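Okay, structure first, notes after.
Think of it as A, B, C, D, E and F in the order they're written, each chain with its own count starting at 1.
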Amino acid sequence: MKMHGRKALLLILASFCAVFAEDGTQYNMVDTMWVLIAGFLVFFMNAGFAFVEAGFCRAKNVVNILAKNFMVFALAAIAFWALGYGLMFGKGGAIIGTDSFLFSSTANSPVTNIPVFAFFFFQLAFAAAGCSIISGAVAERIKLISFIIFGIVMVAVIYPLTGHWIWGGGWLSSLGFHDFAGSTAVHSVGGWCALTGILILGPRMGKYRADGSQRAILGHSIPLATLGGFILWFGWFGFNPGSQLAMDENVPRIALTTALASCAGIIGGMAVSWRISKKPDLSMVINGCLAGLVAITAPCAVVTPAASILIGLIAGIIVVYSVMFFDKLKIDDPVGALSVHLVNGIWGTLAVGLFAAPELFGGKAGLFYGGGFKQLGIQLTGIAATGTTVFILSFLLWSIIKSIFGLRVSHEEEIGGLDVGEMGLEGYSGFQIFTTEDIGPSISFESSKTARNKVQEVVR
Amino acid sequence: MKMHGRKALLLILASFCAVFAEDGTQYNMVDTMWVLIAGFLVFFMNAGFAFVEAGFCRAKNVVNILAKNFMVFALAAIAFWALGYGLMFGKGGAIIGTDSFLFSSTANSPVTNIPVFAFFFFQLAFAAAGCSIISGAVAERIKLISFIIFGIVMVAVIYPLTGHWIWGGGWLSSLGFHDFAGSTAVHSVGGWCALTGILILGPRMGKYRADGSQRAILGHSIPLATLGGFILWFGWFGFNPGSQLAMDENVPRIALTTALASCAGIIGGMAVSWRISKKPDLSMVINGCLAGLVAITAPCAVVTPAASILIGLIAGIIVVYSVMFFDKLKIDDPVGALSVHLVNGIWGTLAVGLFAAPELFGGKAGLFYGGGFKQLGIQLTGIAATGTTVFILSFLLWSIIKSIFGLRVSHEEEIGGLDVGEMGLEGYSGFQIFTTEDIGPSISFESSKTARNKVQEVVR
Amino acid sequence: MKMHGRKALLLILASFCAVFAEDGTQYNMVDTMWVLIAGFLVFFMNAGFAFVEAGFCRAKNVVNILAKNFMVFALAAIAFWALGYGLMFGKGGAIIGTDSFLFSSTANSPVTNIPVFAFFFFQLAFAAAGCSIISGAVAERIKLISFIIFGIVMVAVIYPLTGHWIWGGGWLSSLGFHDFAGSTAVHSVGGWCALTGILILGPRMGKYRADGSQRAILGHSIPLATLGGFILWFGWFGFNPGSQLAMDENVPRIALTTALASCAGIIGGMAVSWRISKKPDLSMVINGCLAGLVAITAPCAVVTPAASILIGLIAGIIVVYSVMFFDKLKIDDPVGALSVHLVNGIWGTLAVGLFAAPELFGGKAGLFYGGGFKQLGIQLTGIAATGTTVFILSFLLWSIIKSIFGLRVSHEEEIGGLDVGEMGLEGYSGFQIFTTEDIGPSISFESSKTARNKVQEVVR
Amino acid sequence: MKMIVAIIQPAKLPDVKNALFAADVRKMTVTNVIGCGQQAGYTESYRGSVFEINLLKKVRIEIAVNDDFVKPTVDAIIKGARTGNIGDGKIFILDLPECIRIRTGEQGQDAIG
Amino acid sequence: MKMIVAIIQPAKLPDVKNALFAADVRKMTVTNVIGCGQQAGYTESYRGSVFEINLLKKVRIEIAVNDDFVKPTVDAIIKGARTGNIGDGKIFILDLPECIRIRTGEQGQDAIG
Amino acid sequence: MKMIVAIIQPAKLPDVKNALFAADVRKMTVTNVIGCGQQAGYTESYRGSVFEINLLKKVRIEIAVNDDFVKPTVDAIIKGARTGNIGDGKIFILDLPECIRIRTGEQGQDAIG
């Protein structure tokens, strides 16, 4: 922001509106409050992840999935405190931070307008979000202990490493890679970890038939999943606008691009699923909303509201096809985490290179705004570098954990439910619940084609 | 607010505490943050509406009702963006705004202390709320596509029209009509649309018997409805205090009148339902709370805390009788939307004319504060004008949609549930749920009086 | 905070950033906004309490428990408005406040930076929290009317009395007793009332067998309980940081100690329950989180982040053993309210005397920071004085209510559920729910030892 | 005595109950079941895959009656449950050699009503 | 062999199970049902309208036994379920010509226990 | 005619259904039940107390068939449900003197299929 004469004077006066710490450092309390409240909202997204994932799983695994999400913030906090923050935001070279471990008040902070405690709090909430993404993708078959260990190492090492490149002053940020609130740094990173996890774990029992066709394994509570969707949506208003790390005149625009992209994502998901399956599939609409949010996360500060609508709409369309695509590949992702976070994390990061408006991006511009392929190339570099790194590291990590603890619960446990097997506690005591899959989607009757053909009309 | 000498000087200095945009416009960042956060809270009310309505419906329609509420913000956003904002807040005459369509940074804004993006964001959240009100009233029988079309047109045209009169500088505001946060502009407008919808749709199958008596159709999840009530209550602290559009010394009082009215509404609803049905009916207590909130929405800034208690108490009493009254008229409103939003929207708007305290209302006063019937008359004018207009327009709109798409699902679909018929997805996969009504309220056995008479004592 | 020369000047300038009320009083609008938003978060904790308690109770009592929690804020508001606020914060001696009844704008306020309306709003939300604690402990057997009466008197008299000692300028605060956000003032006070209630009510039918062993009575919805846990956790970021009653540079640190203690509490609860029952018991993990939060409530502003981890960890460990301990004593607390709020309220209050860091505590220090036993002694005095007083008063109050209205529902009602008996409304209409206890924990077969011995292996 | 077991459409339960009451049959036991018969199912879609539901929700009614009540009972069930569409359901009639009222210990025909 | 079907109050299931175990009857199948009998219902109120619930929650127990076990089983059920109040329920006894254990294919009296 | 009642493991329902379809048995009624048999339960823990679950979730299938279909039906059930482990369940076969199709009023062997 350029300043001249009178305005500068006013700004200096304005800067008096702050409280001074004992050591003479001056913080802006309006910014501090904003970052804290945004952090609370991001923290609350844990509940959102928990309920989207819980709702889309079967009743017999609900306690397990809730436990993972309830505990993930605790695990992330300790891991990020001890190691992650230092690797990510500690002073250091282009590759990794090397101080500020065991976070304390003297830790390094990239911003000076707010106390380092506020910055740490906000980053902590982010780190937990990255980890939550994984839990949905590997749900209904992973051992609790193995997930916990992966989550800790991921937040302590993997996420901070690429995070340092992008946000901690590392080489990608020097290159000009722009990922405002973390389409890549948070969502894709979580998505890559989820992908390697699924590849090693394999699909849930019964998800794919011998003939290669897939069965729908219905989520047990669409209301819970919808609740989760609403909470995530709400929390995203902390995630994106809060990432400005200050309350300035850009924040309202960021809030608006975030809102519009989510709306467009809903419309995209609704339209495509309506077309494909003749009904607007609410589970896809929720995914469409989240896809729009993930996609706008990188570009939210540098695109116009109109562009945000386009970005979100495309995200909502992508997500539906992506879910079906992964199912074709027999990559079994119960909640659609890959399609939402990985695929749309990539799309959103690319969108910066396509839609960045020069007046919002310090003069640089995306392809469609006359900036040529330069920014797009940088964005691609960042996506590729982060993707390769996280894919390899997470693959290794899952493999190591597998060889020590095993990754997958036993067949009996998977059939009977992880709630009994892993948690020793059922989710809905007293409710009569069919544990058999057959209540939901019908199985295929290869031996009885006639019966199958009859099932067409909608009766009752 | 009058200012003299020293104070004015201080205020000028205080005004330096702001960030200046490039174009030299000066915004107050404290106000901006407040409006944004209030907007987030109002946005979250979508979840509140969704769960109140979902909880009060039957399990077989839950996905449908959730989908309507999840998508309504998206529909409202696009409609309001393209057309609604311009009609409502664009420059124009006493009747309608005529510029600022396809909202952008140059759009017209009635306030100068915050960026127009923040103002738009807040108004957007409001527009969606108006639309959510309708969805509960027409639940369990309306076609999804017809509701969607109605919602879009309503947010694009009907709501902005009367909204312009009240908030956009139109003729009602010139007249002195006071509706601070929208008892009329939002709630009654939504309520009138709901009423015409119900009149055209007719009651749910089985709601009223041949002999004219009514059957209770039980909501399937009181916990979800209660969750919705809590979220709406929470969100209302953005709705009312946020409508000040600035963080000044009036805001805490507005928060307090809002809180007290809701509490009094609860007590009113509880007391009356306890008296009438010998038990405190939680579904009525939730409605009582919401009724208190709707009623205080118009007067929250101009009445004393003591008056707010009275306003809320009366709202809580009204809502119970109103629910029973509409049932007598065979106007079937599954969630009580008419009683909460329409009837108490009217009551709250009138309450300004009764309870406005001169020291809070720029010297003007309500009837009970010695201001005579003047303000009350103005309030009545506003209610009548808005009511007539919205009634007619919405009636026409529903009728047109009916003639093109039809409004109501088939009998088979209504019995089998809209989740199967409209959504192709059930809410609670695996749960054993009685779809027959008979589990809830018993049917009447005209042929068997004796059996009926025996059902008195309360056993197990 | 000491101020010298230049800094003082800057602060004076900074203080201009405020809005001036008509009477010339000057408020800080940043602080005001902070306190209001924190108040909204604390208010939302009502939903958290409601769902933790609802989830941990049986389906047949869910409407009852939700109704208690939904109405408690309303009851508290009226009681606190009329009497409680004056007793707590009115001017008066060391024992009790004696003015500011029937709260109005002229009421006494201990803080001058924010309007008294904001202060009252925040305190109101706190008062309701104290009352919510009790409702879980006495759940599934208490008469609704008796609970309501207890709650009103408790918020009107008991809570304000000891609250005055601690926060209202009474003798404990003069002594130097430090309870920042209410480990004692809110949580222990609620806990003591809960304890006396349980002692008089006795355990739920069937909880303890003739042979003294206990049966697990399973909560009906772990998802709802988890939702409640998340909401409480979210709300606590208003509870603790908001208690600073200003947005200054201490607030981020308070938010961080709060977060870390909760994480450590989770880890403590998880580890201990994993050790004891071979599975990480999610119901204990939730309790562990809340225990950490209760424990950090008193010391959050005066301890380092590292100390907060220790405090939370110990809380998480304590809570598990405490639950088992109360069960041994046949003190039947369905949701673990005593272990969370009473026991950890005491632990947190003591922790001030152990961990207070001199640089954060005005030079005074806890035992482990070289301050000796002085502060610990003061903390113990406060705990003992508050505990004795509240125990006696609440015991008397329960006894009086019992003699007039009775406390406990009939045996038939307890078996059939309070929802039918007290509320006349069931929570989950249409769902098929086993009301028999036998679905959950098995009963003991004294007569058939062999059958029992066989039940070892874990099958399906 | 006979044990009459009827599988009907859930939505017809109130009608069947009314018809039974009109025929002075006032005792019954009702279970939530799912059934698979001639009736075709319907399709749902979830996350991109369309699937058929062919175990449909039904209600099972169990009524123990004395022999002379068999016909009125069956007629009442048919009256209440028939729509003429596939899926209306079946009535099964089993022999019931003995019936005991738990409260009184009465047996046989006295116990049934 | 006989198939014993008992409809009891839900709250009595633990007692009945205990009594059956004491009588060395350890196999049973339990279903959640709703029943309509002599027992009066209760009223609930919802949104201003009061209504009667007269299909009450019951538990249905199905026990297949050899003939010599019929009396002990019936006695145990009565012992566990009887309160003397209306609504205690009924016991129905049907003939059971055949019984097969799926695991082993055993038939008849060997399969039942 | 016979009424075949099978209690099986919930997870085997799809297999049993497949096997029945393969044997051309396409009509059945399925109920959610809980069962107590030879099969041991499992332990859960809640709030510090460990307890045993010994009423386990099962599925009850009811199939009315003509006499010549009894063997194929029983065989199909066994084929689909047998794992060889305790808990596989039981098949009970009762006499079914009468069967009526509600839609048409057909009786007996015509009504059953």
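Note that a contact is a pair of C-beta atoms (placed from the backbone, for glycine too) under 8 Å apart; a residue touches a chain by one contact, two chains touch by 3 or more.
As the structure is a computational prediction, the values presented were derived from the model and not from experiment.
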(request) Count the C-beta pairs in contact for B-E and for C-E, then report the pair with the higher count. (result) B-E
(request) Please work out the Cα centroid separation of chain A and chain B, and write it as a whole number of Å. (result) 33
(message) Quick check: how many Å separate the C-alpha centres of chain A and chain D?
(response) 50
(request) Starting from the mean Cα coordinates of chain E and chain F, work out the distance between those two points in Å. (result) 18
(request) Going through chain D residue by residue, note those that touch at least 2 other chains and give them in order. (result) 11, 17, 26, 31-32, 34, 42-46, 50, 55, 57, 85-87, 94-95
(request) Would you pick out the residues of chain B that each touch at least 2 other chains? (result) 13, 16-17, 30, 33, 37, 218-219, 221, 227, 277-279, 281, 283, 415-416, 420, 424-426, 431-435, 438-440, 451, 458-460
(request) If two chains touch, include that pair; go through all of them. (result) A-B, A-C, A-D, A-F, B-C, B-D, B-E, C-E, C-F, D-E, D-F, E-F
(message) Residue numbers of chain F touching chain E in their complex, please.
(response) 6-8, 31-38, 55, 58, 60, 74, 77-78, 81-95
(request) Spell out the residues on chain B that touch chain E in their complex, using ranges where they run on. (result) 214-216, 218-219, 273, 276-279, 281, 283-284, 287, 320, 323-324, 327, 336, 432, 438-442, 451-452, 454-460
(message) Which stretch or stretches of chain B touch chain A in the complex?
(response) 13, 16-22, 24, 27, 29-30, 32-33, 36-37, 39-40, 43-44, 46-47, 50-51, 54, 62-63, 66-67, 70-71, 73-75, 77-78, 81, 103-105, 114-115, 117-118, 120-121, 124, 144, 221, 224, 227, 412, 415-416, 420-432
(message) Which residues of chain F touch chain C once you look at their complex with the stated criterion?
(response) 9, 11, 32, 34, 39-56, 85-87
(message) Taking the touch rule as given, give the residues of chain E at its contact with chain F in the complex, in rising order.
(response) 3, 17, 26-32, 62, 64, 94-103, 105, 111-112
